[in-house]
Amino acid sequence: MSILIDKNTRVVVQGITGRDGGFHSTKMGEYGTKIVAGTSPGKGGERTPSGVPVYNTVADAVINEGANTSIIFVPAPFVRDAIMEAADAGVSLIVCITEGVPTLDVIEARRFAQTKGVHLIGPNCPGLISPGKSLVGIMPGNIFKEGSTAVISRSGTLTYEVVYNLTMSGIGQSTAIGVGGDPVVGLYYIELLKMFQDDPDTDSIVLIGEIGGDAEEQAAKYIKENITKPVVAFIAGQTAPADKRMGHAGAIISSGSGTAAEKRTAFINAGVPIANEPSEIVGYLGKGCGP
Amino acid sequence: MKIHEYQAKDLFNEYGIPTAKGFVCRDTASSLAAFREMGSSAVVIKAQVHTGGRGKAGGVKLAKTQQEVETYSSQILGMDIKGLTVDRVMVAEAVNIASEYYISLVVDRNTKSVVLIMSREGGMDIEEVAAKSPEKIHRVVIDPFIGIPDFLARKAAWMLFDIVEIVKQAAPIIQKMYRLFREKDASLLEINPLIVTKEGRVMAIDGKMNFDDNALYRQPAIESLFEPSAEEKKEQDAKSKGFSFVHLGGKIGCMVNGAGLAMATMDMIKLYGGEPANFLDIGGSSNPDKVIEAMKLLLSDKEVNVVLINIFGGITRCDDVAKGLLKAFTQIETPIPIVIRLTGTNEREGRLMLEGSTFHNAGSMSEAISMAVKLSNN
Amino acid sequence: MSILIDKNTRVVVQGITGRDGGFHSTKMGEYGTKIVAGTSPGKGGERTPSGVPVYNTVADAVINEGANTSIIFVPAPFVRDAIMEAADAGVSLIVCITEGVPTLDVIEARRFAQTKGVHLIGPNCPGLISPGKSLVGIMPGNIFKEGSTAVISRSGTLTYEVVYNLTMSGIGQSTAIGVGGDPVVGLYYIELLKMFQDDPDTDSIVLIGEIGGDAEEQAAKYIKENITKPVVAFIAGQTAPADKRMGHAGAIISSGSGTAAEKRTAFINAGVPIANEPSEIVGYLGKGCGP
Amino acid sequence: MKIHEYQAKDLFNEYGIPTAKGFVCRDTASSLAAFREMGSSAVVIKAQVHTGGRGKAGGVKLAKTQQEVETYSSQILGMDIKGLTVDRVMVAEAVNIASEYYISLVVDRNTKSVVLIMSREGGMDIEEVAAKSPEKIHRVVIDPFIGIPDFLARKAAWMLFDIVEIVKQAAPIIQKMYRLFREKDASLLEINPLIVTKEGRVMAIDGKMNFDDNALYRQPAIESLFEPSAEEKKEQDAKSKGFSFVHLGGKIGCMVNGAGLAMATMDMIKLYGGEPANFLDIGGSSNPDKVIEAMKLLLSDKEVNVVLINIFGGITRCDDVAKGLLKAFTQIETPIPIVIRLTGTNEREGRLMLEGSTFHNAGSMSEAISMAVKLSNN
């Protein structure tokens, strides 16, 4: 089992005729993801080099190909509209890869998706993968391995680093999700922790946080109260200076809050072990960590 | 992106949010001229710098005479506040303040909304108020599709004020704040204090605005207000090359692909007893030109005595990354030791290719960091 | 029993210090309705001559007096905001009496109420009454009588005419509702028919329609498929000319549709008897009408 | 409230909805001048009247020469279409139509929303299309808080068109239509046909707009376009007195409180073999002045030979109503018989007061109507 995506996931790629959209559609397809359609206004009726049918609208892709998940690669100025289009068309999950999307656009698009009952992941995220079943994102599929450890992360390559360590140590993953590095994104720790708690095939959870905001603190509280499966946390940015954006728009210590120290304390108080380096995570999982 | 108080005031005026009369002055003569022009019995002279705590630093003074205007203005101009040199002041009419309030709009990560934050404890540090007496802070979450209808503006205004005449002034101010916030893609709009004058007028006395960097492409008027510091210029320059760069001041220059991994690298350097010189995320691909540009950036920092390259090869495989690095370093000459750590897809092939080069090759992140720290501290 | 309002209904009057708001608050209070608060911005803290506390906002009335129903008498230009305020404040039913409200304002306010899960009746309606329990409206309470016949109507005085006939004949009412004469209003036939079908103390239903729109046709279809209680219908406007607004903004035959003849046919086809004059309704109810 | 086609066209232009060039002309000379000014090889001369079916009535003609312009213009000006005299025409550039479409925005009672209605069967009577081939009609319900975002405009445009270049023109037109509809409080905005020219341009050829009477108070520019017919003037005049009045043409003048009861009264008159002269809702209270004004209105119709007053006394009790009526009729002198029927609260008291007056008093609605019909038909 897994959460959000599996063998039944049927993906429509918004912006499939763009460079990134085209490249990663192929990669996802090679991984085994069912890429059933792409959209590109005006190219409806065409097919991509790998034979994926292109539609003018997401609605057409949903109606004609039964797409139930969308992945978005359109440029930042068009993301708000693309998310709303997908949500309106009736997919159940939208994964937005694009980075640099204005925050107020994300706020509107996410709210719209919410009113339609549609899950949003991202923007500015690497997507998600249920190893062996489906990859909806830009992650390197080959570093993942089927298993029962969940990974939730605000970061891309740091996730790969962690997952690579896991896989090398024989620890497979149920689903690994990059929630995105922007201050406002879709699904976050608490919603995902809840899903993983309910997922019978997940038996431990790795949470990779970073500076900025207090989502980790909230997650820690939630874990203490609601999660019975073992959790290990890692927090990036302990040496980050205040008021500087560390790559991710969301990774910033502002007005003295959002520091790594606060987050570490919160997890420790919740009984969640903290790894000091990515490679330590494997050890904690092996030991049967958790509250 | 931050702007000066006087620039925020201009935006407030553009949107009809009442402010005290004021002029921005770059020298004492202009301050005096502004004082005379204003014809007010007193003015407040305020340092214009991109930081808080001006008052405590002596950057805000009340002046009632030409003599005082001259003295304070020349004191404040040139003053250093938290490392920033004051090169201009705002000379603003002093108003008769009856009471002070706090009001702001801010992007809230948790509710994924813009939130209106208000307190009757105006003029104070709001974080302090929030920590000490959270019940004195009112929060109104704004639905992006609904905005702030009249009833909500009134309801919010009643949280701050008890008199209908004041509420009737404040409610439209709240709506105008939101319109300004939205139309200009702000990430923060703070008025502290919002005041009621002894004459019963509601007015913004100190204003602060930050803007969403991601939205500047559609806000040319706001972007034109940007005045980067020397350090910010360097960061901006890096950004234009597709990097994300922050100077930290240590000796180990880092080049990493991915923000999270770059932060983790910095953290581990510190953990292992070293000092990271910078945060540098070079992003996805590893083409030689990018590596060359990144190395230039790192080597321009004369403090740097080791460079650590930490790359996770994902979609771009490690052997391709290795190829790129080797090609790049045919064009870079530096006596500084380079530690390279490559992990991920085709890791073995990549590492094999780097063998025999002058690079210090590490097998794991821990090993790479110990090597870099050792080289740096020797 | 009854629907929507009963002895537990606690009413806040929006615009209580206005002429109509004040007058009808007194009338409702005299009938026995629990008028627990009024609103009038700036008059918070005062009391009406009859002692009802006045608040600045509906939210204050809900918090301090437990108001769960709002009735709106504010002038038309302020109705949109007043409905939204009440819906936001957490009442469960809003009754809007004001007439002349711009249609696009109603569309917005109703949609807002809907997203908050709040029922709206009106605007441009006489309100509703559950005889002997609660009157939230401007109806003359004394002509009603407690009983088990439901009345749903698009009209005011025509309802009174019908109800007066019922009451004089000894037929009491469970709840009588005037849904409002505008083209776009809140609760309408189908929602109300459903509530009455589920109300154990309603055993027959009188539906008073008029020209304009096709709500009667839809109601007829709904009755045929879902309502087992006897229904009698009356349709006003058989002699109305086309393209003329007959008093109510919604009572207009436009482009040849919305005629009384079509509506009568629909009810007849649904097995619902049609009264030719208001006084005939009593006869049909007596006979045990219905499909 | 309805406006003329040329007025709708002006609004379209104001909102950037492309239309064919055109001028409104009140005489043949202006039509000729417009033709010359336009420099087009052909023009369409269209009657401007507040009704449909102009084409069938001969009110729309294609003219290619000055002679034709003169002939058709003078034919159409002064023409009677469905009882309306044509006093102006629009002289519009004839464009090369490749294909025609139907598009409109309308307030929909059922979804309680504005709905976008579209069909590829343009230039036809849309009700006919809807009746014959409902599958050819597309409907898009618009959420008032969302409006028509780009994706929805495109999605709608794809329902009408198959070519991306056309969709790219049509999508913004749909958004502009909605903005116009909303900002001006329309109740209908119809373009029929919306065309694609042989050159591939999308354009509104015939436009129709109706507006929400309830919103005219905030739409002074729209209200100023109102040109009431004689009958509409009378209705408007009644409205300004707080009445709702519609002339019907029969002999029994009706005065009723409440629209539903007034309609039921008309219906019963007909049912009983009479002819109602009018619909007249005098609204809530029954103060004598209102009754006097209403009687004046009824008696101004020379066809009226009986007046039926049907009042339900609710909040205003029947005895008060009776008092008001008696007082009013001290000021009204008319030989026409007056039938009065009072029901409701304090009905007996009211009726008692009317005894001995010259009124024909009825005990029930049925009785009142039989009396009025009998009096009218004698």
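Per-chain numbering from 1; labels A, B, C and D assigned in written order.
In the analysis below, a residue touches a chain if its C-beta (ideal position, glycine included) is under 8 Å from a C-beta of that chain, and two chains touch if they have at least 3 such contacts.
Since the model is a prediction, treat every value here as computed from it, not as a measurement.
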(request) Would you mind telling me which chain pair, C-D or B-C, is linked by more contacting C-beta pairs? (result) C-D
(request) Express in whole angstrom the distance between the two chain centres, defined as the mean CA positions of chain A and chain B. (result) 26
(request) With chain centres taken as the means of their Cα atoms, state the distance from chain A to chain D in Å. (result) 55
(message) Two-or-more-chain contact residues of chain B, please, as numbers and ranges.
(response) 145-146
(message) If a residue has to touch 2 or more other chains to count, which residues of chain C qualify?
(response) 112
(request) Make each chain a node and each touching pair an edge, then name the shape: line, ring, star, complete, other. (result) other
(request) Could you run through all the chain pairs that touch each other? (result) A-B, A-D, B-C, B-D, C-D
(request) Under the touch definition given earlier, write down the residues of chain B that touch chain C in their complex. (result) 146, 149-152, 154-155, 158, 164, 167-168
(request) Write out the stretch or stretches of chain B touching chain D in their complex. (result) 145-146
(message) Residue numbers of chain A touching chain D in their complex, please.
(response) 41-44, 56-60, 80-82, 84-85, 88, 112
(message) Applying the document's contact rule, which stretches of chain D touch chain C when the two form their complex?
(response) 107, 109-110, 112-114, 127, 143-145, 182, 185, 187, 212-215, 217-218, 244, 246, 248, 256-264, 266-271, 276, 279, 281, 312-315, 343-345, 364-366
(request) State the interface residues of chain C toward chain D in the complex, per the touch definition above. (result) 27, 76-77, 100-108, 110-112, 138-140, 142-143, 153-161, 164, 181-185, 208, 210-211, 213-215, 218, 234, 236-241, 244-251, 255-257, 260, 276-279
